[in-house]
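A, B, C and D label the chains in the order they appear, each numbered from 1.
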Amino acid sequence: MKPDYQKIISRVYADISAQPNLGKVPDYIPEIACIEENKFGVNFTDLDLNSFGCGDFQEKFSIQSISKVFALSFVYEKLGEEIWKRVDVEPSGNPFNSLLQLEADCGIPRNPFINAGALVICDILLEVCENPKEKLLEFIRELAEDDQIFYNNAVAQSEMDNSFRNTAMCNYMKSFGNIHSKPSEVIDLYCHLCSIEMTCEQLSKSLLFLVNEGEQPFDGERVLSSSKVKRINAILLTCGFYDESGEFSFLVGLPGKSGVGGGIVALYPKHYCITVWSPKLNEKGNSYRGMKFLEEFTTQTGESIF
Amino acid sequence: MKPDYQKIISRVYADISAQPNLGKVPDYIPEIACIEENKFGVNFTDLDLNSFGCGDFQEKFSIQSISKVFALSFVYEKLGEEIWKRVDVEPSGNPFNSLLQLEADCGIPRNPFINAGALVICDILLEVCENPKEKLLEFIRELAEDDQIFYNNAVAQSEMDNSFRNTAMCNYMKSFGNIHSKPSEVIDLYCHLCSIEMTCEQLSKSLLFLVNEGEQPFDGERVLSSSKVKRINAILLTCGFYDESGEFSFLVGLPGKSGVGGGIVALYPKHYCITVWSPKLNEKGNSYRGMKFLEEFTTQTGESIF
Amino acid sequence: MKPDYQKIISRVYADISAQPNLGKVPDYIPEIACIEENKFGVNFTDLDLNSFGCGDFQEKFSIQSISKVFALSFVYEKLGEEIWKRVDVEPSGNPFNSLLQLEADCGIPRNPFINAGALVICDILLEVCENPKEKLLEFIRELAEDDQIFYNNAVAQSEMDNSFRNTAMCNYMKSFGNIHSKPSEVIDLYCHLCSIEMTCEQLSKSLLFLVNEGEQPFDGERVLSSSKVKRINAILLTCGFYDESGEFSFLVGLPGKSGVGGGIVALYPKHYCITVWSPKLNEKGNSYRGMKFLEEFTTQTGESIF
Amino acid sequence: MKPDYQKIISRVYADISAQPNLGKVPDYIPEIACIEENKFGVNFTDLDLNSFGCGDFQEKFSIQSISKVFALSFVYEKLGEEIWKRVDVEPSGNPFNSLLQLEADCGIPRNPFINAGALVICDILLEVCENPKEKLLEFIRELAEDDQIFYNNAVAQSEMDNSFRNTAMCNYMKSFGNIHSKPSEVIDLYCHLCSIEMTCEQLSKSLLFLVNEGEQPFDGERVLSSSKVKRINAILLTCGFYDESGEFSFLVGLPGKSGVGGGIVALYPKHYCITVWSPKLNEKGNSYRGMKFLEEFTTQTGESIF
């Protein structure tokens, strides 16, 4: 018998709303820093397209690194296993040595979800598309069945103005030959992807193809082969939460991805997608309430991939 | 409809047997170095205790690091979440910086399956039991319903004679206060655990409690709570294969654990356990044929947690 | 009694010319890669302005990192001890972890002679001068009493086209606030400084102020205070040869600086300056024959600061 | 004209005595922790054996790492350049990555004055002598012309009880084959050497052979060749003060060696040896007043090797 998801979600939402909202909104992007920090939304959508939510689940927020899942899916579909020559699938362990790792690994990033890896994915995007920004937006809009998804150019510009570390990384990888376009173009695309704004509802729906073995549940269109989907889910589990990936796997037990905008998406393969948004981040850069919510949610459903 | 596991296993076994057996038997433990390198065994056991195998699946081999799963389960049951104060649950990323990580992490190992973490687990074992060697052997024998499981003292001695790196790590952690007993006692216990010898068949059976939400399927006895089992499985997935954990998750998609004796155990929660043994190791220290077999097996069954 | 320097130099020059010329001309700068690899020049100039040389000592070559000595002297004179807030005076130990060190040291480079440190010095130059390129050339020309010293714009351009690692470093330090101008301007200045071309004779003469407690020996003009000169010489000794600084100190025992153009300058305080040029570099990036020559020269004179 | 050393020393001693005594006595060795923290002694001895001092210069203290100079001199004399196959002569850069460096350098320590290097020197001592403890004490007594120099067994024992990091390092190097004896024997010898107690006066005198090109000034006996002495002095300059070596070279400009007992010896080749003792250490582990004293002393004499 299935758990009563709606009841569980409402209860957990209420419980967590009643607890102190710890953590900190990151201050390096003015457009994000000024967000109302007690925003809190949750959306659940299953493969039968039952969808419901709590709180601010229909309000748009900056999806930031969650966009890396779309970018990876897009280039993986285009180029296939080829892409793994330029980016690995291993967890990175520790943020502080990422540049050291790049050196040891000869410019091959550990995985497509750390910044270095996402920059390589952007570089590939620039190679496979004429208009990567438009193409990617189109791809996401089709997944979400929704035209009202946009870049936030002010956020993108803000991030470009503060992209010294990513520029460092990009140039460093270029010194190994693993960036082909100009670093400034790669950074521009990267910052735009991060600036995409979506609601919890849109995010849940748009990622259902990863729950559904590669097909969109609403029209049966195949986005990716089931084998590729399995592999993306595997990387999400081992690498989706920076150096808190092990912790998320341990506490929540579902593949997922977080962004510094405060969003987290979690997937239960063959069943549902659940998205949480709350802007205050814990020390590892993941939404404080998002992590809490999902931990409690899976504890109450008893459902996880393990 | 369930796949015909027996047929798939026989076919994959035959295919891989026909291919070149690459890799290398490690030479630093004389008792393991002299093993017949083409030994190859597979066992499949499900929750209904259907069990069958191919090749050398009833021959004993040195389980080495697979014993870390038993040791962790044992202390986790005894002490509960307390143990995570002394060992973390994050993948370690890269072998070459493990000592650097220990420094950055103030002597707290990244996870219980890297050597540093297993040494801490051994240190805890020494604190919670009077006779940890006997207790642990007893624990494993009960899980396997089989008294014929032993330490190989010659292997243990051999490993102790070559344990300079582990001794280094143990002393290093002791300098941070995260080893409580004498380093030499910790090393002695650690090397003994590594020396345990079991067959593929015994291994599959003894780990069914991790497939069965914590209960032994043959007598319903609870070994661990379902929540603890989920967590161990999560750590197995993110950390069970050293710095090839991401790759195993990517290619196979099941929690598992390998040992330098050439054994690999993989678990499909709620369904079955499958153990492969082939002594030649790939560059990352995991059984070459074991990895190949499991990749092909999950490809043909289409089953994974993702 | 003073050694007969001219005799010793001629003899050592002849000996080393007769031995195989090992090492490799670096290939990443086309203008340097095409140099005749057996060029070999030596110049000795003392405080009485006795000067003599062997071989190609009047031929210009790319001084590369030797220019860092001029840049440091120039900004040290302008800003005084202030500069040490932005760059340290410690040897860096090991090239491979320079980025890790930058992280650990919060963007403060270890010393002004590693690339990161020289980039900070260039950034300071951009702050203290309107026309840093002209000012620095003027400074060097005055030190050498010679107007015929120029940038090689082709070499500078070539280096800019291959400056991905330096650009990485520069952006990385900017992320810590330790680069104030635009990274591209810093890199432009840095690459120009590296491209300066001088002869062994010009180099020896232009660095006599470091031998002479801060005064130019030909006109008594003070370039730097004696205390600042002592400090520059100290840094030259501990940091002048990348991760071969200890070896140079051990074998030669004089402060000095090398460049990838194959030049090495060594200073015997209160006595003389000696410059060697030979384009093939050893594994650590220092002139193979330059190192050999200076080791043998100090062995035969018995003179060193130790 | 020579400076009036006695006057300068008295003045600087008085000045520094009048200033606050900052820093901290290390607490990990009970026998050292309980020392009266305002002890402060200085001794100056030149090659004519003029010797004078201020304050507690005739009181014994634990020479700790200064003993590494004696150990290196002893084995260098016995084995010659052979020893550099097992230990390098480069500054180590940064304490926090010493174990990482050992890995990158395949178990070869950076230099004989970091702990790892001194452990290798102790291991060599165990190979070249039957009774290394007695031999080394004899060697030091002859250099000091004084039989009243001893090990402090309580200090040695205390250090052995807290030697987990050195034991870690020793085992780690043994795993690379660069330690030949048992780690426990190496540690025992190492801790004894550190426990030697001497006065400032004894230290200055015993190290005059390094000032005098290898000969004892009082009887003309040769201890080491002048070439070996130059090399030891070079390593003292680049590596004698852990990761403050560059700073000491920069501020003081003399080769020297410090110990955590609060002693510092500095050498002005061909002229004199000066020893300072004050137990409170700065953040880098060097005597706070010792550093201050020597900086001020060389500023006032205007003498340095640069």
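Structural remarks
In this text, contacts are C-beta pairs under 8 Å (C-beta built on N, C-alpha and C of every residue); 3 or more make two chains touch, one makes a residue touch a chain.
Computed from a predicted structure; not experimentally measured.
Set against the C-alpha centre of chain A, every other chain centre is closer than that of D. Contact count check for A-B and A-C (C-beta pairs in contact): higher for A-B.
Distance from the chain B centre to the chain C centre is 55 Å, each centre being the mean of its Cα atoms. Chain centres here are Cα means. That of chain A falls 32 Å from that of chain B.
Put simply, the C-alpha centre of chain A and that of chain C have 48 angstrom between them.
Among the residues of chain C, those in touch with two or more other chains are 96-97, 100. The list of touching chain pairs reads A-B, A-C, B-D, C-D. Those residues of chain A that touch chain C in the shared complex are 96-97, 99-100, 103, 164-165, 167-172, 174-175, 183. Those residues of chain D lying in contact with chain C across their complex are 88-94, 96-97, 100-101, 104, 110-111, 226-227, 229-231, 233-235, 237-239, 243-247, 249-250, 253, 255, 269, 299, 302, 304-306.
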